[in-house]
Amino acid sequence: MTEFVSPEAMAEMIPSGVKLGLAPDGSGSCPAMIRLLIERGIRDLHVVCAPIGGMQVDMLIGAGAISVLETSAVSLGETGGAPCFGRAIRNGKIRMLDATCPAVFAGLSAAEKGVPYMPIRGIIGSDVLENRLDWKVTTNPFDENEKIVVVAAIQPDITLIHAPEADRLGNVRLGRRREIMLLAHASKKTFVTVERISETSLLDDEKLAAGILPAMYVSAVAEYKNAAWPTGLYAEYELDAREVDNYARAARTPEGFQAYMSSARSAA
Amino acid sequence: MTEFVSPEAMAEMIPSGVKLGLAPDGSGSCPAMIRLLIERGIRDLHVVCAPIGGMQVDMLIGAGAISVLETSAVSLGETGGAPCFGRAIRNGKIRMLDATCPAVFAGLSAAEKGVPYMPIRGIIGSDVLENRLDWKVTTNPFDENEKIVVVAAIQPDITLIHAPEADRLGNVRLGRRREIMLLAHASKKTFVTVERISETSLLDDEKLAAGILPAMYVSAVAEYKNAAWPTGLYAEYELDAREVDNYARAARTPEGFQAYMSSARSAA
Amino acid sequence: MTRECTNRELLIYTISRLLTGVRHVAVGMSSPMPAAGAMLLRVLNKKRGLGDVQVSILGSVKHNAFTSGSEELFDCAAQGRIDAFFLGGGQIDGKGNVNLVGTGGYPNSEVRWPGSYGSAYLYFLVPRVILFREEHSPRVLVDQVDFISAPGATEDGVYRRGGPHALLTSAALFTFQRDTNRFRLESVHPGRSAADIRGMTGFSFDNDHCEVETPGPDAETLALMRSQVRTELAETYPQFAASLPEAA
Amino acid sequence: MTRECTNRELLIYTISRLLTGVRHVAVGMSSPMPAAGAMLLRVLNKKRGLGDVQVSILGSVKHNAFTSGSEELFDCAAQGRIDAFFLGGGQIDGKGNVNLVGTGGYPNSEVRWPGSYGSAYLYFLVPRVILFREEHSPRVLVDQVDFISAPGATEDGVYRRGGPHALLTSAALFTFQRDTNRFRLESVHPGRSAADIRGMTGFSFDNDHCEVETPGPDAETLALMRSQVRTELAETYPQFAASLPEAA
C-alpha cells in the first residue's frame, strides 16, 4: 500500500546510512527533497546514480551526506563541472565507485530480475574495471575462449524520484523514462514526489499504461509542485540554467555552498 | 527504413528455414499472416514463442512448417489442448525445446543486451533443464557455493507480430505489451501487421511514447485489418472463442485440419 | 434458510485460509477458484481491519497492475513482491514434483499437456506455492511424475526461498513438510474418510489416518461469499460466478 | 561573393566525410558539431539518392526515437543498430586510450572530470567511434593517459567489434590503425603544417610528415551547410546554429 505523505514526512522516512537510488538531473531528479534531507542532517549515504548525477548529487556531497558514490559521471551539464564533487574527490572525502552507464543498468537489471549478477560486454582493459572489486572477469560459459565481465546486482534500499503525476492508488506516470522504471523495480522501496495527483486511475487509460510505475513498487507519494527546480522535469519543464549557474558559482568554495543552501532555505 | 508493403508481399519476405519469433495468442498474434505463410508453403521454421504459443503455432505445426519449436507451452487456452501440437509430439514430427517462461525472456534479454547468455534462478532439478543442451549449470562468480543456470541468448531472425497501429515513419504502438518490445529488440528484423496507420507520428504524444516500438526495429509494416482474428488483440478486440473451438474440433484429425485451412482460404 | 456450503465454496474458503497473511497473490486468468479465494481473503481482511491484499490476475486487462510485459510477473516474484501463487499439474507426486508436460515418454509423449509455463521458476521464488487440483485420483496424484516441470525439493547450493506449501483437492487438504519432503494430510473434506483419501492417492503421505474434517466458513463468511465476493468475481469470471450460490 | 569556409565548417564537413555509409549515428545533446556533421551527411545522402541517415540526439525529446529509457542506447549499440558514435576526452593517447575521469592520481584526482559515461562500453560495440576534440595540444593529446576510461586496443579473447576510427581536432585529422594500434596523420587543416602538428601532439604517430591538406566542402555543399543544415541544427542547437555563417 502506498502512503500519501507531506514532503517533510517523506524526508523523515529516509534514514542515514541507506543505499539511495537517484535519477539524473532533469529525468526524475528532486533537488527540493534533497534540500529537505540535507536540512535534516542526513549522513553516510551510499548513492547510486542511474546512471549519472548532477546538481542534486553535488549538493549532497557538499553537505557531507555521501560516503560512497556509485556513478558513471557527475556533471552540471552545460554549466560545467560539479564543484563539491571535484573538491570531495581531491580531498578524499567520498569513496568513489566509478562506473560506466550500461554497467549501472546491468547491475540494476540483475536486481530487477533477482539474479546475483549480469554479464556485460566491453569494459575489459579500462581502469574503471581495475577499480571495481564488485566486478569480475569471467569466462563465457558457452565459449571458453571469451572473457566477459560480470557485475554484481545493485539493489538500492530506497529510490527517491520526482515525476509528473501519481494517482490515488499510488501508480506513478514516468512516461518513456524507463530507466527510472528499472531503478524502481530494482529498489526495495521507492519514494516519489509529484507535480500533481490524478483523481482517476492512471491505469484506466491503456495508452498511458506502458509509462506507468505500478503502485506495488511505490512506498510513498508526496505532492510537491516544482520540486525538480532548477534541474527540470522531462517533458514538463525546462532546466533553469541561470540558477544552476548561480549554484555552480557559489559552490566553488565550501563557504559559498553553505551560503547558497541557507539562502535557498530562507527563500523557501 | 521501414518498408510499407501488402500482407502478401510481407509473406514473401519471410523465407523458409528462419528462426521466427511469435507473440502469444491475443497479445500480438497474427493468424492471418500465418495462413499466408502456410499457403506459400513455408517450411523448416525454428519458432520461438515469447513465451507461449497457441492457435497460430498449432496451425504452423499442422501444416508441417515447423521443425524446431522453442516454447514454454502450447495451448488453445479455454478451448483446451492444441491438437496438431499433441499429434506432432506423439509422432516425433517436431524437435521440441521445452522452456519455462522466464528462461525465454532471459534468452531474449541476452540478445537485447548483446550478451551471449543470462543467468536465471530456479530451474535446477527440473527435467526442462535436463533436456536443454543450450542451458548450463554454472557457479555464481560472486558465491562459489551457489549453482545457477545460464541460458544462451535467443535471437530470432524475424519476428512477426500484429499491433493496433503504426505511423508513416514505421513506429508501432504496442502499449503495455512490453514482452513484444523485448522480442522485437532481440530480433534481427521485425515485421508488423497493423489494424490501422496513423498519419501523425506516434512519438509526438509523450504520453504514448513508452508503449511505442521505434521504427529502427521495424523492417516492414502492412495494414491488415482484423488480422489477429480469431485469437484477438489486446485492448482492441476479444478472442472469438467459437471460432477457436471450431478450429480445435476440425484439427483433431490431419484431414480435418486441411479442410479447415482450405475453407478459411475460400472464406477469405 | 441458508443453503449448505458447497464443495466449491469449501475450497474457496480453504484457499482463503491458506493465503492468510499474504499481501500480493498472483493467479492465472483461467483459475477462478484461486482468484475467488484471494478475493475472499481481501474482503475478510478489510472487514477485520487487516492489511490490504493485492490480487493480480494474469492476462486480465483490468485486474492486472503490471505494465512491463509478461516478464514483470517473474521479475516481481524474484524481487520478493509476490507472496503466493498457485500451480496445478497433470501429475503431482509425493515429493511435491509437478508435471505440466506429459506422460508416456519424452519428448514424444503419448499424452502431451501444454508445457511447464513459469513453474520451473516460480516454484523456487514464490514463498507460498499452493498446489491446487480438483481431481483427486491416483492418475493425478502419483508416486513419481513422468516429467519434472518443477521440482518439489532442491539440493543444497541452489537458491530457493519458495516451494510447495499445501496441496488442495476436492477431497482433502495436505501440507508440505519441507524437512522431510513429504505431504501430510491435514484434513478431509466432509463426506470423505482418511481411508478414502488413501485409496484415491497414488503416493504415501504422513498422518494418513487423519480424522480432522476440513472446516467450512461460518454463516457470516458464507453470506459474504454469496454477495460481495460473488459480485467481484463476476467482473472477471462471469460464467464461474454464475455457477456459485447467490445470497437469497 | 561566398565567405570562405570557417574552421568549424571544415570540421563539420570532415565529420560528414568520416560518417560516409552509416545508417544510424548517435550524438550527445551537448555535441553540436558531430550532430551538424551527421545532419550534413543526411542532407547530402538525400540529395544523392543514397540511404537515409538516422541521427539520434541523446537527451533530446524531439530528435530521439528511443522509448525504453537511457539503457536503450547501449542495448541498441550491442544489437548492432548504431554505426557511429563520438567520444571526446580530457586526454587521448597515442594508443587510442581515452580518459574522461581525471589527472593527478586516482581516486583522489587533482583534476577531476565528470566520469567515463558509456565510453568503456560503446568503444567496444560501435563499429566507428570518432574521437573528436577541438583542442589540439600536448595537454590533451598525451603519450599515455592518466586513467583509461576506455581502451583503444584490446587483448584477444575479448569481444570487440568497435573502436577508434579517426581522431579529429581543430588542426588535423588522424585515422587509427587497428593493426598497429597507432594513429596516422591523414591531413592537416589549412594554415597548419605537419611540423606544427608534431609540436602540438604529445604522442608519436605515423605519416608525421604528411603534406595533405584537409579538403573543405565545395561551394554547393557549403551553401547547403549555410541554409538547410543550419536551419535543421537550429531546432536543437539554436545558439550553436546562430554562431555559424548564414547563406547570403
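Which chain is which? They are A, B, C and D, in the order written, and residues in each are numbered from 1.
The rule is short, and it goes like this: a contact is a pair of C-beta atoms (placed from the backbone, for glycine too) under 8 Å apart; a residue touches a chain by one contact, two chains touch by 3 or more.
Bear in mind the structure is a predicted one, so any value in this text is a computation, not a measurement.
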For subunit A and subunit D, chains touching each: B
B-C or A-C, whichever has more C-beta pairs in contact: B-C
Chain of greatest Cα-centre distance to subunit A: C
Centroid distance [mean C-alpha coordinates] between subunit C and subunit B, Å: 29
Centroid distance [mean C-alpha coordinates] between subunit D and subunit C, Å: 60
Centre-to-centre distance between subunit B and subunit A (centres being mean Cα positions), rounded to whole Å: 36
Geometric centre distance via CA averages, subunit C-subunit A, whole Å: 40
Subunit B residues counted as touching two or more neighbouring chains: 109, 113-115, 120-121, 146, 148, 176, 178, 181, 206, 209-211, 235
Shared-contact residues (touching 2 or more other chains) in subunit D: 61, 66-68, 74, 78, 125
Pairwise touch network: line, ring, star, complete, or other: other
Contact pairs between chains, per stated definition: A-B, A-C, A-D, B-C, B-D
Residues of subunit C touching subunit A in the complex: 24, 51-52, 54, 61, 65-68, 74-81, 125
Complex contact set, residues of subunit A against subunit C: 1, 111-115, 171, 181, 185, 203, 206, 209-217
Residue ranges of subunit A in contact with subunit B within the complex: 106, 109, 113-121, 136, 138, 140-143, 146, 148, 150, 152, 173-176, 178, 206-211, 235
Of subunit D, residues touching subunit A in the complex: 30, 61, 66-72, 74, 78, 100-102, 106-125, 147-151, 153-155, 157-160
Residues of subunit B defined as touching subunit C within the complex: 24, 27, 51-52, 71-75, 77-78, 81-82, 85-86, 89-92, 95-96, 98-103, 105, 109, 120-129, 131, 145-148, 176-182, 234-235
